[in-house]
Each structure stands twice: as structure tokens, then as C-alpha cells.
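Going in written order, the chains are labelled A, B, C and D, and every chain counts its residues from 1.
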Amino acid sequence: MVNYGIAILLLPLMAFVVQIFIGKRLPRNGDWVSVSAVALTLCLSLAMFGVMLVKYDPEFSVDETWTWFDLGSLQVQIGILIDNVTVVMLLVVSLVSTLVHVYSTAYMEGDLRYSRYFAFLSLFTFSMNGIVLANNLLGIYIFWELVGLSSYLLIGHWFEKDSASDAAKKAFLVNRVGDIGMFIGIMLFFTATGSFLFRDVFAGVESGLLSTEILTVAGLCLFAGAIGKSAQFPLHVWLPDAMEGPTPVSALIHAATMVAAGVYLSFRLFPIFTPTALTVIAYIGGFTAIFAAIIAVTQNDIKKVLAYSTVSQLGYMILAVGVGAYTYGLFHLVTHAAFKAGLFLCSGSVIHAMHYAYHELHDHESDPQDMRNMGGMRDKMKTTFLTMLICTVALSGVPFTSGFLSKDAILAGTLSFTLHHPEHFLLVLFGFGAALLTAFYMFRLIFMTFYGEPVRREVYDNIHESPSAMTAPLVTLATLSFFLFFTLPYFNPFSDHGWFTVLIDSRDSVVPGHLNLTAHEIAEGMHHAHTPAMLLSILIAFSGIGLAVFMYLQKRISADHIAAKLSLPYKLSLNKFFVDETYQRYLINPSLILARMIAFFDWEIYDKYIVNGFGKVTEWFSRVVGIRWDYDILDQQIVDGVGRTTGFFSARLRLIQTGKVQNYLVWVLAGVIMIYVFQAI
Amino acid sequence: MDFNILSWLIWVPVAGALVIVALPRDKKDVIKWVAASFTGLQLIFAIVLWMNFDKDFVGFQFMEKAAWIPSFNITYMLGVDGLSLPMVLLTALLSFLCVFVSWNIDKALKGYFSLFLLLDAGMMGVFVSLDFFLFYIFWEVMLLPMYFLIGIWGGPQREYAAIKFFLYTLFGSVLMLIAILALYFTCGRTFNMIELMATAPTALDTLSWWGFSGMKVVWILLFIGFAIKVPIFPFHTWLPLAHVEAPTAVSVILAGVLLKMGTYGLLRINFPMIPDGTVWFAGALAVLALINIIWGALCALAQTDLKKMVAYSSINHMGYVMLGMAAVVAAGAQHGSNSAAAQLGMNGAVLQMFNHGTITAMLFILVGVIYDRAHHRNIDGFGGLASKTPIYAGVVALAFFAGLGLPGLSGFISEAIIFLGAFPVYRTIVMISTLGILLNAAYFLWSYQRIFLGKLNEKYADLPEINGRELFTLVPLAVLVVLLGVYPSPIIDVMKTTMANIIELVQVSPLMIMP
Amino acid sequence: MVDLNTYLVIGALLFSLGIFGVITRRNGVAVLMGVELILNAANVNFVAFARFGGMDLSGHIFSLFVIILAAAEAAVALAIILNIYNNMGTINIDEADQLKQ
Amino acid sequence: MGNIQSISYFLPELMVIATVVVALIADLVYSDRNSYKVGYLVIAGLVVASFTLWLSLPEETTPIFLNTIVVDPFSRIFKFVFLLATFIVVLMSMNSDELKGVRTGEYYTLMAAMVLGMSLMASSVDLIMVYLSIEIVSIISFILAGYLRAQVRSNEAALKYVIYGAFSSGLMLYGLSLLYGLTGTTKLFQLSGSISSLGPGSNLTLTVSTILMLAGFGYKVAIVPFHFWTPDVYEGAPTPVTAYLSVAPKAAGFALLIRFFNTLFGTGQPLNSPVWQAMEGVPWQDILMVLAAVTMTVGNLVAIQQKNIKRLLAYSSIAHAGYILMGVPVLSQEGVYAIVFYIIVYLFMQLGAFSLAIVVSNRYGTEIIEEYSGIGWKSPYLGFFMAVFMFSLTGIPPTAGFIGKMYLFAALINGGSQFYWLAIIGVLNSVISLYYYMRVVKVMYFQGGREKDLYVPGGMSAAIVLAMAIPSIYFGVRWSFLADWVNSSLKFFIAGF
């Protein structure tokens, strides 16, 4: 198994190295290198998956560590941990990655930096696998930043666009903010337990090396990393901008895998979160879910809608972790990976078509991503339409889809949590409210894009279905959005009971003092809350869809009318609650100003007047003592301050040496007397 | 061993300088190649030294000792340990590369290279000399060539920069001289560092300067001398000026090697010889480190001159080194004798010294590359170069990411273990200084965006790509940066024994035992 | 009764007068005379001490040496002043102030 | 020891005297045109004198001529300094354009005579002899300063010098008379004893007389505030004379100062000789320390302002007097040792700098520093050596100047914590001095066009410069020989009391 893991880790890395150095010289700019490398990893992970299914053992786990470097009294160790979670994640990553690679061969065709693009895709795959495989905090942190790097590079792929380069920088910096928190958390744990390995850390926590308060803080610090990566409020701002990158990238990194890393981390670390920490996590997740959903409702850029929906879904997963249903958080991660990637790729195909159409018409003004320019495309792009519809249904949580299973489970978990702690009723509202909005804005998207009358006929005429290299992945992902693949070997579409829930079983918290509910209690609670939650969520999903039908299909209710009615919420939502503006005004600008001020002080004041001041004062004295008028290079700047006084003094002091010998003699006597006085005192 | 390799390391460049002086001034290529070959020879010696170094040996190796001035008990004494060896390698490597960096110097080639080789010899001498007096001589000798190199081959403000550098550093070193003499007389008239390490910690207790504890005063005097080189916060303003005005190769040497001398001195002299002072001052050192980190980063963020930004980034990076050094007290009882933390901090500090040497050298070389082509360094004056010169952009990206401490590149490991080491002792300080990581990323990425991303600035539509010679100077450093980023053991294994030894030496201080 | 103190007082007076002369006179020769007064003040002291202090003759010898040297010094000084006169047409020493800083 | 026996110990001085006489007669013989040949005679005489001096190795401190002067290693090493300095300066004068067209016969003769005076200063142990020797040196300096009779500046310098000198020697004489009155003896060795037997009653007189004597010495070695004559005289006098005055008489003055203070107050250990109890509460050490600090600071600060290389070196010589003076208050073996060492080193670098200044003014006809621009490129030879001397004067390794300074600071540090502040002021001063010394280097190398006429000075001046430069570097690297020599020459001196 471990060798498989290493191979999975290194194959994409090799692809990256080959591509970056000789990619341009290879035939087809060497995309086949990356594609085959990733395909191989897919095979390997499938093999591992098979092994896992054969074993069918919830407890299965391989953990191997090596000493990275040795400081004498302390070895820094890193290693690989392979258990069912790893296997599933590996499968998800390599599958989506492979599909995206294939898709890109068509989507990015003829791009200026084609080979570079694939190099970075492979780099990303490598780093993402690294996160999944690492068995220690330091390793996770390392790959954590590396996925950040590849995301930076890919978002900035079309760096000629300022918006792209800005988005890239923003993504990296915002993630760094989270990473700092994460690093502090790592330091806290390392200081207490003296190791990075999960097992040592857990053991340390269990044996109470950290007081509950510290443990809470440390846990939240680590979670800060997740906030950054998984674009949770308040660090969600980078994800929508990240849509500046090529759409396949958005599908791979910013929908399916990287942004889910935060959830994965929280999943891994769940046992060390204290109740307080978990509550905070739950609220962050829940709030993000509803918050992003509200924004998504009013967006017109097709990718922006999907981006905010991603944020919102990630909120769900985090919420799941917070309320203790964290296995279902992971479950949702997996299902979501499939259909959200599918959605992005579909939107990509739509954009591709629009772009092509505009290109034909030599129209470089209109925005191919704006849904208001689309409409009625369903008969032109059948495959895309169908696949996208399926994914949308899944995302809205309609029965018979994978999304239904996972989301339903999360809602159940939330419900049971609230039943245990009624004071946290908000979480339920968040959860179900988000579900309602999700169904609504997703179908809004569908209707605006594929139904209704095309806005511009000539554009419509130039729309063509995308090549098979692009549609094949769509079909695959759409297929995977059905419940069947997750409930095997059972066939009950209304119960998430299946291989997943069996193999990925939840563990008890290791926080000392049994402050948390045990896994069993949580499962119990969810079991009770399951039926009501299910009914409620079905109801909500359909009402959301119905609302969308009324407003955007049958146009019974005018959206503009409502917007006018609710103008304030509308504006807030349309402008993403002005979060970016706030940061710009109250964080970024002030720190830039501070930097300028300090630099100015350092250079223009401290250096020029204080440091040089010594030289200048010396020089001043020398003039005062030296009775000389004239001046000299070092300290021309000094004059400003001291010049006038100097004139005054030297005017006085010139009296000393008039060149008249008798004055000198007076000074001799004066000197004698001075000495006498000195010795007297 | 009878083959005095350390002496060779020092005197080979001197010989080279003499040869160059003897050459006729119009044989430019010959001069260059002579310089290259002599520094190359030195580099080979350094590598041989590395190969034969015994990692587990506590104390100094390849010792050489010869009487010099018996009447004043001054000896010519050389030796290396795990602390100086990385510095020796760094010096040799950078000197060799810098010969090629300064390949297209045309003004007074002869003088330039002879002075450069003398500078090389001086630096090497500082790192290998074990006699305090010898150390001081090399320390000062280095100033002269540096003064001329900045003053003659420097930028528009070169005269001012040169004299400022000279005055500033001399100020530090004369105070150091006083401290050296005080040590000499209080410790039984010896300059022998090994003996001083043994005797000084106790002997200094007897010393008293107008009521102050002499130990503290001596520590401070030495500290000022070294702090100016590092440079530590209030003494830092000579650095941006000198770095900006100096020619590329000299900036590389300045940032790559000279700054390390400050921290090297602290680790070699202050820590083992005056442990009480070290423990007494450690907290302040950490605070100064914090100031360096934040202050340097903020200043760098505000710069519009690329070279000045890099210069300030060195201030910021040297802050990490100091932070790691301050962690030495973690081994003390009052900090739960957490020797692991001390190890992390100290090793991190030295590793960071080495890594910063390579990274900042890359940065300055790259700045030189763009300056040779565009003849200005104004960050906002470029734009979109990445599409024009992808290779150059790529190398810069590597250097920048290394500078902002990206995992997988050498900068990360050293910074990470420095933080880990310092954290148990200085929680708050470390937490604040992690902001430095963010700011690093901010100024590096921001300037990268302004120079390379966005629309191509038409002025540079036909900017030539980086050429082979420049790549040749960069590739070795890049390889080191990546290699040590993935696998730092080569350096760590060499130095960990020595670091452990220094930590023990510091631990003898009574202040360490006191709760 | 003339005793040591009388001589010492006289010496002191001469000394002060000499200094006064040196400081105030503008004429070079007069300044030199002031110097001579100072020297002679010392001579008076020497002789007086030697005579009354019941000491050996070294005091007398000393004053003899002083007289001789004073003569030599005066000779040189006068030569220089003469030279000044030839070049500048004056022996007024505070007109000799070209070498001011 | 009686006069007759003394003769044998007096051989070197006799040689000098003989030189003077021969030179005088020769000068009468020579015509104006050949008058400069006297210089060669003088050189020959000096060589012979140094040879005899080399032969006479005093075993111990021997008082001769009825205990008026002594022959000891201390005076011997100083005599070497005087001879060497004079030797160099005579050569310099021969190559200086200033003295062309003037009858230089007496000039050289006077220099030879000055050697005599200075060696008497270095070796006199009797107040009479002290005064006598000081006067000899002074009077000759007056004449030398005014030697260019035709030049008003030179005259003026001489005039100021003579008045100032006469005045301060008058003060000193008065002080001596008081001292004599107190102790009843003129012999230094007895003075110490009889002072310690004085009661506190005579404290005031003793203090006054010492201060007055200090004024006399201070004028000779140009200590602030007795330095005012220096700049004017140095500027007015012919350059070789300036060089000479800034080295040789200073050295002599210090020899005298050291001997005087050590004999009176010194026992090798400061502050515990009976003399100190005798004048309780009179902080001689502090006075000297303050004087040293003030002197070097003023010298350096004023030097920063100078545009003329001669004036610059003149003021820097004041500063160096200050450095040297740092060694006096320590009154310890190290102190004296450092002083002697420094004076020897100082001789090389100062004379070297002056000789280069002369070469430059002969070649480029300027003494203004700003007009040195580009010399470093035009004539690397001049540039390089000027740089060496500047570094050495600043005290940067690996030059002799640094070693000298280091010994001074070492003496202070070793002396005890009451000297530390002085040491710190000293090092800070060397930082200040760096600024103006480097200005010369900067002008030579960083400024001006770089056209190369590749001027290499002619034989004799080149030889002088080399002769000064090589020691300035060599003693910075291997000074064992010098150190041992100085050490051996102090043995008896310190042991003397």
C-alpha cells in the first residue's frame, strides 16, 4: 500500500518536472505526459480502492514514518498514513484530476502556455495527494502551502489580465493568513507533545498534555488553516475571484479538491477539537453556508454563482464537522466533488461555446460568462444541458441523487445537535435556509442559461456542442451523481447506509474529560433526527425549485420586482455584502500606509537626521571648534537644521583664533587657570 | 594533517590578487580568468574540507597554530567547526560565482578583481581564525576593499555610501576592540578563543566598570560591533544604502556573507564566552529580532526600488536568525530545560544564515540582471515581463518564493524550525513575528506582480532573455535552494554537534539555573 | 629686614608685569621685553632661594644659564622682528595675522 | 660621574657636535650654488652618530656629567628616533622645491644641532639641563620656521613661534624656580624624594609650579590648550620643517614629559608613590586624562575642516599628541611602552605622509586636498602609498598605526577601570579621524578624471616614501622585533625607580 502511495505522490511530480523543463519541445507540448501520469495515479488509486473494498475493514490503516532530519536530541519525522479515508480521498482527487486533465486538452487547446498549464496541474495533483497522504501536521502544512502555490500559478495563468494576477495574489495572501494561524496551532501542539505525527499528537492530547483552554485555542488555530483553504467566512473572499483562472482549474482546485482540503483537515483533527472549538466551527460553517447562498442568488456571472455555491456547500461540510456529524461532512465532500466538478466543467463547456460564438462574430466586448447573454441553449448543447441538469438536481438535494444522501445526513446531524443543545437553534435555520436557497439559485442558473429565448440570435446560431474530450468527463461526473455509487451494496435511495458509512466510521473524541458526545451518541441522535430531517429537506428542495420555476421559467413573479422591493438585501447580496471593500478600506490600505510611513521614517528621518545626525553633530562641533567657515561633502544635508546656529557660533568662536599671537597667549593663561580650577574642584 | 588547508583557503585569493596586480591592465580576459580560477581553486578546497570534516567531533578540526607575536601572546591559529564550515562553503561558493557576476565590469578591471579577491580572503579569514586578534585583523581588513569596491564601482551616491559604511562599521569594531582587550586582560592575557571560552565565563565576574557588571558591558560592546554588521534594528540604515549603491557582485557578497559575520560573531564569541550576558540579553535579542522582522518587512513593502526592497528583506530575514539564536535559553531550567527547542532554534539560526546567503545572493544577482538590461530598478517601471522573458521570470519566481519561505524551498525549513524553537520561550513574540511570513509574501508577490504580470510594458518589447553566463551563476544557488528545501540534513548534520556544544556552554551560566 | 618673601614678592610682581606687557604691548620689541621680565622674575626666585634657602649654588648657576639663553633667544627674536620689518615695514605684531584660520 | 669619564658615554652626541662644526665650516667654504652639499655632510655625520649610538649599549642607567644627564636605553631609543627623523627630513628637504634657490647650508647645520638638543632633552635629569635643552631645540625651531626669509608667511610663523615659545618657556621657568624653592635641588632623582618629604602645607605652591611646568611641556608637544601656535607655524614654515616639527621635537617633548613625570610621580604603580600622598587631592591623572581627551578631540575635529594637506597633517599631529598623551597618566610599564612604540610608528607614517605631500606639490603644484582628485589613477604609486599612510594614521589593520593604537588602549584597559572612559573616547576619536583621512583617499580615487600619465616619482623621493611605507605596513603584521626592542629599552628605565 505504502509504495502505491509513494508512487501516487511522485508520478505527478515527475510529470511536473518534465513539463516545466522540456514540455515545450515535446510533441503536443507534452500534455500526454501529465495526462498519462495522472491516469496512472487514477489506476493506482482504483487498485487501492479495490483492495479496500476487498478488505472491507473500518479499522484498516497503514502508517509509516521516516526521519526527515535529526537535530540530535530531536528527530523531525514525516510519513505516510493510508486508511480508508486516504484511499477515498485519493480516488476522488485522482479521478477528478484525470477528468480535468482530459477536459483541458480540448479546453486549453492552442493556449499560449499550454505545457506550463499542464505542468502546474500536475504540480497541484502532487501537492493535493501529499495533503491526503501525510500522517503529520508539518507534512500537511507543507503541502497545504504547495497547493496554495499551484493555485496561485493556475489562477494567474492568464496573467496578462490584471484581474487574474490580482486574484492570484489575493488567493495566496488570504490563504497565508489562514496558514499563519495553522502554523501557530502546529507550534502549540508541537511544543506540548514534541511531535508532528497525528498519533503522537492525539496520544498527547488524550493524556492531557494541553489544558482545555490551550487545546481549544490550538484547535481553532489549526482550523484557521481550514478557514483559509475552504474559503469560510471571513476568509472566503479569495474563492470568487479565483474564478479568473481557467474553468477546468476552477473545477479541479476551487470546487472539488483543494478547497475541500480544509474539510479533510477538520475531519482528520476532529478528535482533538474541544466542544467550544466545535461550536465555533459549527457556527462558522453554518453562517458561511447561508451567507454565500444569499450572495449566489443575485450573481449573474455563471462561474460566480457556482463559486458562491461552492463556498456555501463547504460551509455545510464544516457545519457537519462542527455538529459532530463529521463523517457525513466527508461524505458530502466526496459527493459534492463529483457534481460540483461536473457543474464547473459544464459551465466551462457553455463558456467555451459562447466564447467561440463571440469569436466568430468578432465581438470581444460582451462577457461570455454573463448568464444574461445566454438563454435557450438546451437544444444546441444537449449533452452539456443534461449533465448539468443532473448535477444541479444532485446539488439541490433531490432524492435518488448522491447530494440528497449527504446533505440530508448533514441536516440530520445538525437537527440532532440542536435537539441536544437547543440554544444553538440558529444552526438548523442556517442549514435548511441554505438548502432552500441552493435549490433556488441553481435552477435559476439552469433556467437563465438553457431555457427561455436566446438574447442574441446570431450568437445563438454560432453555438455548438463542445468536443467529446470535454463532454466525456461531463457524462462521467453526472453519472457519479447518482445515489447508487455510494449506497452499494444496498439499494435504498433514502438511506445513506452503504460501503462509505461502513468503512468511514467515526471515532470518539480524544479530548480528556469526555466533554464531547461519543460517536455512538451522535449516531443515535442522527438516527432519530433522520426521518424528520429527510422529509423537511425534500420539501425544502422542491419548494426552492418551485420558486425558481415560478420566477425564471414561467416568469409568474418578476425577479426585478422583488429586487426593487427588497432593495437593501438585494444590494447587499449583489455586492457580496461589501466584504472586499471593507477589507480594502480597513485592513489593506492602512497597512500599506503604515508601511510607507515606517519606510519614510526609516529613511528620511531616522537615517537622515539621527544616524547622520551623529556625523553632522561631529562636523558641527568641528566647525565650532575649528573656526572654519568652509564646508564639506559628508554633511551637506545637515545645514537645514543646524546651519544658522552654526553661523552664529562660529561668528563668536572666530574670536579665538584671530591669528593675533597675543590672543593665543591669553588662552595659554586661561588654560593654566582652567587646569588649576579643574584640579581644585 | 600537515596540509594546512585552512591557510590555503585564506591565502589562495591573496595570491590571486598579487597575480592580477602583476598582470598588464589591458589583458582583461586574462584577469577575469585568473580571478575565476583562483576563486575556483578556493571553492575546491572548501569542498575538500567539507568532505573530510568529521561530523561527530566536538570542537575544532583542521587546527593550525603558529606563533605570531609572542610578546603579546598573539598566535596565528585557525580551525573550523560545524558553525564555521557552512559559512566557509558559502563564502567560497559566492566568491566564485561573483567573479562571473561581475564579468562585464569594464572600469578598472584590474583593481576591481584584486580588491575583490582580497575581500574574499578577509571574509574567509574571519570565519576560520580562532585567535581573537587574528579574527579582528581580518574583520577590519575586509573593510578596506569593501570601501573601495563601493566607492569606485558603485552607483550615483557611492561616495556617501562608502564612507557611511566605513564609518559605521569602524565605529562598531573599535568598540569591539575595547571589549577584546578587556577579555584579553581579564582572562590571563590570551587571545586564544578556545582558552577564552574556557576561562572567560568565570573570569569576567571579577570585572567591573564603574559599578556596572563588566560582563554586561563587554557583552554589549561586542554586541554593538556585531549588531552593526547583522544589522540589528537601530544600526541597520547603512545596509540599504550600501546594498543599493554597491555593484551587483558586491551587494551579493555584502548580503550573502558580510551580514552573516555579525551573527557568526555572536555565536562564536558572545554566546560561549559570556553566557551570563547571553542569557541576560536573550529576551532583548528576541525583541530586537521581532523589530527586525516586522520593520524590515514593512519597509520592504513600501519600496519602489527593487534592490532596496531586497536589501530590506535581508534585514527582515536576519531577524529570523536572531530569533532562533535567542531560543538558546530554552535549554535553561527556568524554561523547563527544553533542550530540543534550543536545538531547533540554534540549528535553525545557522541554517537560516546559510539559506539566506544563497537566497539573497540569487535575489541580488537577478536584480543585477534586470538592471543591466533596463538600466533602472523601479518596480513600477516594468510590467508583464513574464511573457517576454519566461526563463528569467521563472528563476525570479523561484527566488521570491524561496524568500517568502515556501515549503519545499530552503527558506521554509530554517524559518519553521526557528519559530518552533523560539515558541516555547517567547510565545507572544513569535506569534507576532509570524506576521512577518505574511508580509514577506505580500511584498514579494506584489513586486513580482508589478514587474512580471499584467500587460507587457511596450518599452521592453525586445528585452533580451537572461543569458548563459547569468544562468550559470544562478543555477548552483537554485539547486542548493531546492535541495536544502527538500533535504536539509547535509547542513544540519554538519552543525548539530557544534550547536549542541554551544548550547551546553551557554547552559553553564548561573542565570540559566536560576528559576 | 629684607628676607626671602620680599624677593619672592618682587619676583611675583615682575612675573605679572611681564605677562601684562606681553599681552598688551603691540610693539614686538616691547613684547620681548615682557618676556625678559618673566625670565628675570624666575632668576630673582632662583637666586633668592639659593641664598636664603641655605641651598647649594645650583640656583645661581641656573640663573646664569637663564641669562645666557635669554640673550640668545632675544638675539633670534630681534632678528626675526627685523626681518618682519624688512618685509612688512612694521614691527607691530598684531598686523602679522595673515595666518589666521 | 665626573666630566672626563663621561666623555666616553657621550660619543654619539660628540659625533653630532663634530658634524655641526664641520658643516658650519664647510658652509663657509661652499658657494651659494653648492651650499646644499652641506646636507650630504650632515647625513654622513648622522650616519656616523647613529653607528656610534648603535655601538654604545648601556648596561644600566648611568648618570654622567655630574648627574645632569643619564645614558640609558630609554634615551638611546629616542636618540635613534631623532637621528632617523632628521636623516629623513634632510633628504626630504633636498628634494623639496620650496627650498630651491635658498642658501641651505645653515639649514642643515641647524638640523644637526637640533639633534643634539633633542637628545639632551631625552636624557636630562637636571632641571637646568631640562631648561637648557628645551631652549636649544626651541631657538633652532624658531629659525627653521622662519627660514624662508623672503616669505612673509614664514616670517610671521617664526615671529609667533618665538613669542609663544619664549612666553611659555618663561612660564615653565617660573614653575621650575618654585619647584627649586620647595625642594632645594635641581636633580630629578632627588626631587622625588624631597617632594614626598614635603608637608601638605606646600601643596598649593607645588601644584602651581607643576601646572606652569606642564604649560612648558604642553607647548612643546602641542597639547590643547597650549597648541595654538601649531597650525599657523606649521602652515607658514617650509613643508620639510613642518614635517620635522610635527615629529622630532614632539618625540623629544614626550621623552622629557615621561621622564619628568615618571621620576617625580611614577613608581610603575600609579597612585601609591609617596609623592601622591604629598600632594593629596591634586588629581594629576585626571588632569592628564582630560588633557589627552580634549587634545585628541580638538585635533580631530579641527582637522575635519582643513582643506590644505599640510594643515590637515598639522592638526592630525595634535590629535596624535593626544593619543600619545593617553599613555602618560597610566604611569605604568605598559603606558610608557605604548608611548614609545607609538612614537616610532608615528614617525614613519607622519613623515611618509609629508614626504608624499611634498612629492605631490612638486609634481602637481598643489597642497589643496580637493585638487588631489584622480591622483590615485594618474599615479597609482602615489595614490597607493598615500592611502597606506592614511590608513595607518587612522589606525586600521594591517598597518603599524593600528598596532600602536592598540598598545595604547591595551595600556589603558590594563590600567584599571578609571581609564576606560578615556579608551572609549580614544577609539571614537579614531573613528572621527577616519573621516578626514578617508577624504584624501576618496578624492584621490573616487573623483577626477582617470587619464593615466602614470607618473612614478624619481629615485630619492621614491626611496624616502618606500622607506616610510614599508615599516608602516610591516610593523602592522610582524612587529615582534620592534616590540622586543622597545621592551628591552624600558627595562632599566622602569626599574630605575
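Here, a residue touches a chain if its C-beta (ideal position, glycine included) is under 8 Å from a C-beta of that chain, and two chains touch if they have at least 3 such contacts.
Just so it is clear, the structure is predicted and the values come from calculations on it, not from any experiment.
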Centre-most chain [mean C-alpha coordinates]: B
Higher number of C-beta pairs in contact (B-D or A-B) found for A-B
Rounded to the nearest whole Å, what is the centre-to-centre distance of subunit B and subunit D, using the mean of the C-alpha atoms as each centre? 44
For subunit A versus subunit C, what separation do you get between their C-alpha means, in angstrom? 97
Approximately how many whole Å separate the CA-defined centres of subunit A and subunit B? 36
So, in whole Å, the Cα centroid of subunit B is separated from that of subunit C by 66
Give the residues of subunit B that touch two or more other chains, as numbers and ranges in rising order. 159, 163, 167
Interface hub residues of subunit D, defined as touching at least two other chains: 159-160, 163, 167, 171, 231-232, 435
Among all residues of subunit C, which ones touch two or more of the remaining chains? 22, 31, 93, 96-101
In the complex formed with subunit B, which residues of subunit A make contact? 20, 68-74, 76, 112, 138, 141-143, 145-146, 149, 152, 156, 159-160, 162, 164-166, 168-169, 172-173, 176-177, 179-180, 183-184, 187-188, 190-191, 194, 591-592, 594-596, 598-600, 602-603, 606-607, 611-612, 615, 633-634
Which positions of subunit A touch subunit D when the two form their complex? 615, 618-619, 621-623, 625-628, 630, 632-634, 657, 659, 661, 664-665, 667-668, 670-672, 674-676, 678-679
Sort out for me which residues of subunit D touch subunit A in the complex. 159-160, 163-164, 167-168, 171, 207-208, 211-212, 214-215, 218-219, 224-226, 228-229, 231-232, 282-284, 286-287, 290-291, 298, 300-307, 432, 435, 439
So, in the complex, the side of subunit D touching subunit B is made of residues 377, 391, 396-398, 402, 406, 409-410, 413-414, 417, 420, 423-424, 427-428, 430-431, 434-435, 438, 442, 445-447, 450, 478-480, 483-484, 487
Residues of subunit B touching subunit D in their complex? 68-72, 108, 136-137, 140-141, 143-144, 147-148, 151-152, 158-159, 162-163, 166-167, 170-171, 174-175, 177-178, 181-182, 184-185, 208-210, 214
